[in-house]
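There are two complexes below, and they share chain A, which is joined by chain B in the first and by chain C in the second.
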Partner chain A sequence: MITEIGNILLSLSAALSLCLFSFIFLKKVINIDNCFQFSKNISLIILIFLLFSFLLLSYAFLTDNFSLRYVATNSNLTLENIYKFSAVWGAHEGSILLWVLVLAFWCFSIVLFSKRIPKKIIVDMHAVIGILLFFFLLFILLTSNPFDRIFPIPLNGNDLNPLLQDPGLIIHPPMLYLGYVGTSVPFAFAVAILINGNIKLEWLSWLRKWVMTSWMFLTIGISLGSWWAYHELGWGGWWFWDPVENASFMPWLAITALLHSIIVSEKRGIFISWTILLSILTFSLSLLGTFLVRSGILVSVHAFANDAERGIYILIFLAMVIGLSLLLYFVRSPRLITYSNYNISSKEFILLINNLFLTVTTFAILLGTLYPLISSTLDLGKISVGAPYFNFIFSALTLPIVFLMSPAIFSAWEKTNYNNLIKKLGLFFIFSLIITYFFLHYYFEVENFIIFLAIVIAIFTILSSLYKLSETRTLSANLISHVGIGILIIGITISNYYSSQYEIIMKKGANIAIQEFQIEFNDVKNKVSKNYTSKVGIFDLYNNKDYLISFFPEKRIYNIQKNIMTEAAIHSTLTRDIYIALGEKINDNSWVVRIYYKPFIQLLWLGAILMVLGGLFGIFSNLNLLKKN
Partner chain B sequence: MNFRLQTLLIVLFLGIIYFLYTGLGKDPTLIPSPFIGKTAPDFKSTDLISGKVITNKDLLGKFYILNVWASWCYGCSLEHNYLMNIYKNNKIDIIGLNYKDEKNSAINWLKERGNPYKNIIVDENGNIAIDYGVYGAPETFIIDEEGVIIYKHVGPIEQDFYNKIILPLMK
Partner chain C sequence: MKITKTNKKRIIKILVFFFAITSFSSILIYALSQNMIYFYTPTQVHNSEAPIDSNIRIGGMVKVNSVKKINNSLKVNFTVHDLEQELNVTYIGILPDLFGEGQGVVMTGKLISKKNFLAEEVLAKHDENYMPPEVADMMKEKNREIFNK
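For the complex of A and B:
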């Protein structure tokens, strides 16, 4: 029964999406107010249908309905209920369903806040999202139907990938998708503008809110992914430049650029054409990311599900969407009225440089991600591009961007006096130099010029943002987020360069001294849980003979898939993390133990939280503006 | 818009689509081996079960599978049934290379699961594996009657390994 209802709901939604698309033509025949009403109602019905089909699948998971192939391959009787629910998006079919659901959600949401936008633009935006919905629903129905049956019906399921049985992974995919798919809104806007041929600057402040929403969700999604990797993979790392990580990071960089170029277009009426192009490129990168994750053409830790047939479908779709929208852009963008006079000494010029750097960074990461593919196609050998390339590119290109934040904040639109700016900021810069010097000297030894420079720039950004805050006495999205970036950079730099790691064989009862601490390895106990058994290490942390806390790192073996999972135990304070992971068993008395000492890594999460808060603030201050109008 | 920028974007777009297309359906984890088409490297070791001296000269004259395995290796337990099937149907000789393993645990492992191997070459410190360019266990080589490596598979073999890979190679 579930299969039939599910398929009917998906098919109806696909048909309705085509209706949504048809209004792009019908609006010439039917009164626009009626079109708008229809379009709004249809988008609501699609959302309800898809939500219902999603809940139906969740119900199948929660009731262990193994007659569905998708449930049978991704769940199990002994799985905890919360993971039965998150297993809905634990593999390919369900995550594409979630993708489509989120798309329908954004599609309907744009109507709710559309008072300031002409109805024909909204109808066209719906048409664009409608055709996207149609193709993705077709994709589900033809190649990845989560409602497909399995026969004979297995008595028990194959269990959810143990890597995904973690609290961080319950909300990581939905957040990431809200951000990923959210880039379809500026894309649909860009296409609608190109079709209609005119743009008003006030529409851009509306669009900015959507861009910021998508940016915020992407930030949350990426941070949660890192947080999960740090806690779950047991290697003390939080970012691996894995193709799938890059797939989410490229749209993030592009949408960050878009966020800044929209502001310029909105305030000064320039770079409009660029803003439109960037909207298209950002969504293209999101689609590319979906393709990379779902086709499995690159080696990745995320290669949970891959299939060449599905890959070709998404690739054709990707080529069509990007190709057609670029074509539309080339033909139509010259018609958009745009002013291109700007002064070299002005805020808009600094933001232009920011956009340039962000775009170059995005393409450098794109190149690094696709390079293994390019070299294997051109028979240059099998090559993998590793962290050294990305780290170099990233620090070389990001530091200038962060450095420019302070002048951007303090400069004025149209005309700014760089001499005054230098005088004002010079003082902050010297301050930052002094603070960095003492800070690094107090905790570590100054060794590396680049590290020093990175921290100076980060502190410089934090100081000048805080000063601006005290000057204007109003919170703003950019100041909060920029402080967040500054803190994030300090966290990344210090935890990367000053962390120490110990991979040792420890006997029970042995001690190891790390920095000012002593860690004692007490014992390893067995623990039996519902769907896994585990070895739990017991470690005590002392600071000069004073007992502080115990660690319980685990090594789990999941019953069904026999996967071995590491659960690291971490003790955090603001200035350092101590991270213990249980390695291999040597004999009854001794184990391989991995211990990491990571200074200031908490700043990383703190910085990310501030960035998200900045985004939230930006979205809601915009909403207030809406109400006043 | 600048015409040159337009051309650049189009070239970039088409290029990316092309490379993505060629990447489809290929296995990105496949690692080419420089040993294919070359004579299998010489070795001299003992047989795990009989303890007799064994060299690669003893193996000439017949197609055989050289399977790198160890009792500690999880992937090996995954492919073991498929090796047993090939052995039971008496299709082709399977020679084991017991890689960085303890003798007793290796023998126990085989007692539990069955022994598909005609001979098992002991490679306690992994030196033979280095000569063969082994990345890790399990790995499977196919070697022809003249002692030339004609195929190499990294990771556990699949159920249809014999029909899909070996049979076409032997023809």
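For the complex of A and C:
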């Protein structure tokens, strides 16, 4: 029954999506008010249908309905209920269904806040999202249907990949998808504008709210992914420049650029054409990300699907979307009236430089991610691009962007006196130099110029943003987020550069001294859980003979797939993390142990939280603005 | 032609962008060329196609009964093969959870000699039905070659 209902719902949604698309033509024949009403209702019905099919699949998981192939391969009777639910998007079929559901959700949400936008624009935006929905639903029905049956029906399922059995992974994909798919809104807007051939600046402040929303969700999604990698993978790292991480990072960089260019367009009426192009590129990068993750062409933690047919389908779709929208852009964008009159000494010029750097960074990461794929496709040899490339590119291109934040905040639109700016900010810069010197000198030795520079720039950004805050006495999205970025950069730099790592063989009862702490290895005990058994290490942490806390890192063996998983144990304070993971067993008395001491890594998560808060603030202050108008 | 104020500004803008784009692209190309790591099979190493003492990647299957741990240290020796040739590997550190004899691995490191590889990083496959694509491709090709013989 579930298979039939699921398939009917998906097919009906696909048909309705085509209806949604047809209004792009019908609006010329039918009265626009009727068109708008139809389009609104249809998008609501699609959302309800897809939500229902999603709930149906969740129901199948929760009731262990192994007659569905997808449930049988990704769940198990012994799986905890919360993971049975998150397993719905744990693998390919379900995660694409979630993708489509989120797309339908954004599609309907556009209407809810659309009072200031002409109806024909909304109808066109719906049409664009409608055709996207149609192709994705077709993709599900043809190549990755989660409602497919399996015969004979297995008595028990194959279990969810143990890597995914983690709280961080329950909300990471939905948040990431809300962000990823959210970029379809500016994309649809850009296409609608190109089709209609005119744009009003006030529409851009409406669009900015959507861009901000999508940016915020992407930020949450990426941070949660890193947080999960740090806790779950047991290597002490949180970012590996894995192609799939890059796939989510590129849209983030592009949408950050978009967020800044849209502000310039809105305030000054310039760069409109660029804003439109950036909207298209951002969505294209999101689709590319989906292609990279879902085609199985990558070596990655995320690449579970390995099906050429799916890859080709998405690749063709990707080429079509990017090709057609860029074609539309080059044909129609010259019609948009835009002014390109700006002064070199002005806020818009600084934001232009910001966009330039962000675009180049995106391109550099794209190059590093795709080059190995291109090279192996063209038989130029199997190559991988090492993490040093990305680290170098990233620090070389990001530091200027962050450095420019302070002048950008203090400069004025149209005309700024740079001399005054330098006088004002110079003091802060010298102040940051002094703080950094004492800070690094107190905690560590000053060793590396780049590290020093990165911290100076981060502190400079934090100080000047806080000063601006005290000057204007009003919170704003950019100040909160910029302080967040500053804190994030301090966290990244210090934890990467000054962390220490120990891989040692420890006997029971042995001690190791790390910084001012002593860690004692007590014992290893067996633990039996519902769907895994594990060895639990017991470590005690002392600070000069004073007992602080115990660590319980685990080595788990999952019953069904016989996978071994390392669960690290972490003790965090604001200034440092101590991270212990069990390696392998040498004999009954000794184990290989991996210990990390990571100073200030908590600042990374704190910075990310501030950025998200900045985004939230921006979205809601915008809403207030709407009400006043 | 008289250089007007607007023209002067325009020239400055163009020069700045030209300068920015050339410097960006040269940085990118330099960084990329410095950090490309090539992938080789044990057979290619045997045929002296791989450079000694520079960073490369090697993929293959871990030979059964070849993993030897050195007492009281994190040093481990094992052999990888691609059905034709073998290569001895030394690694110091903790092997990944999914490392095992008879399974696929991809390693980054340096060749010390034609017969010995010093691994700095060892990656094992991620789940039961998943193999690193390089190794999967390689094994497929080898199987075909052997079948055709």
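FYI, the second predicted complex is superposed on the first by the 627 of 629 C-alpha atoms of A that agree within 3 Å, B and C clash if a C-alpha of one lies under 4 Å from a C-alpha of the other, contacts with A are read in each partner's own complex, and residues count from 1 in each chain.
The definition used in the following text is that a residue touches a chain if its C-beta (ideal position, glycine included) is under 8 Å from a C-beta of that chain, and two chains touch if they have at least 3 such contacts.
All figures in this text were calculated on a predicted structure; none of them were measured in a lab.
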{"item": "Fit or clash between chain C and chain B when superposed on chain A", "value": "clash"}
{"item": "Contacts of A:Leu326 with chain B and chain C, given as first, second, both or neither", "value": "first"}
{"item": "Which superposed partner A:Leu315 touches (first chain B, second chain C, both, neither)", "value": "first"}
{"item": "Contacts of A:Ser273 with chain B and chain C, given as first, second, both or neither", "value": "first"}
{"item": "First (chain B), second (chain C), both or neither touched by A:Phe291", "value": "first"}
{"item": "Which of chain B and chain C A:Phe113 touches, first, second, both or neither", "value": "neither"}
{"item": "First (chain B), second (chain C), both or neither touched by A:Leu370", "value": "first"}
{"item": "When both partners are placed on the shared chain, which of chain B and chain C touches more of chain A", "value": "C"}
{"item": "Which of chain B and chain C A:Ala396 touches, first, second, both or neither", "value": "second"}
{"item": "9-17, 27-35, 81-89 or 117-125: stretch of chain C that collides with chain B", "value": "81-89"}
{"item": "Intersection of chain A interface sets (partners chain B, chain C)", "value": "297-299, 381-382, 562"}
{"item": "Footprint of chain A on chain B - complex, ascending", "value": "1, 6, 9-10, 13, 16-26, 28-32, 74"}
{"item": "Residues of chain A touching chain B in the complex", "value": "273, 288, 291, 295-299, 308, 311-312, 315, 318-319, 322-323, 326, 329-330, 333-334, 366, 370, 372-374, 376-377, 381-382, 562"}
{"item": "Complex contacts: residues of chain A adjacent to chain C", "value": "161, 163, 234, 297-299, 301, 303-304, 306, 344, 356, 360, 363-364, 367-368, 371, 381-386, 388-389, 392-393, 396, 503-505, 561-566, 583-584, 586, 592, 594"}
{"item": "Chain C to chain A touching residues, read off their complex", "value": "9, 12-13, 20, 24, 27-28, 31-32, 34-39, 55, 57, 72-74, 93-95, 97-98, 106, 108, 123, 126-128, 130, 132-134"}
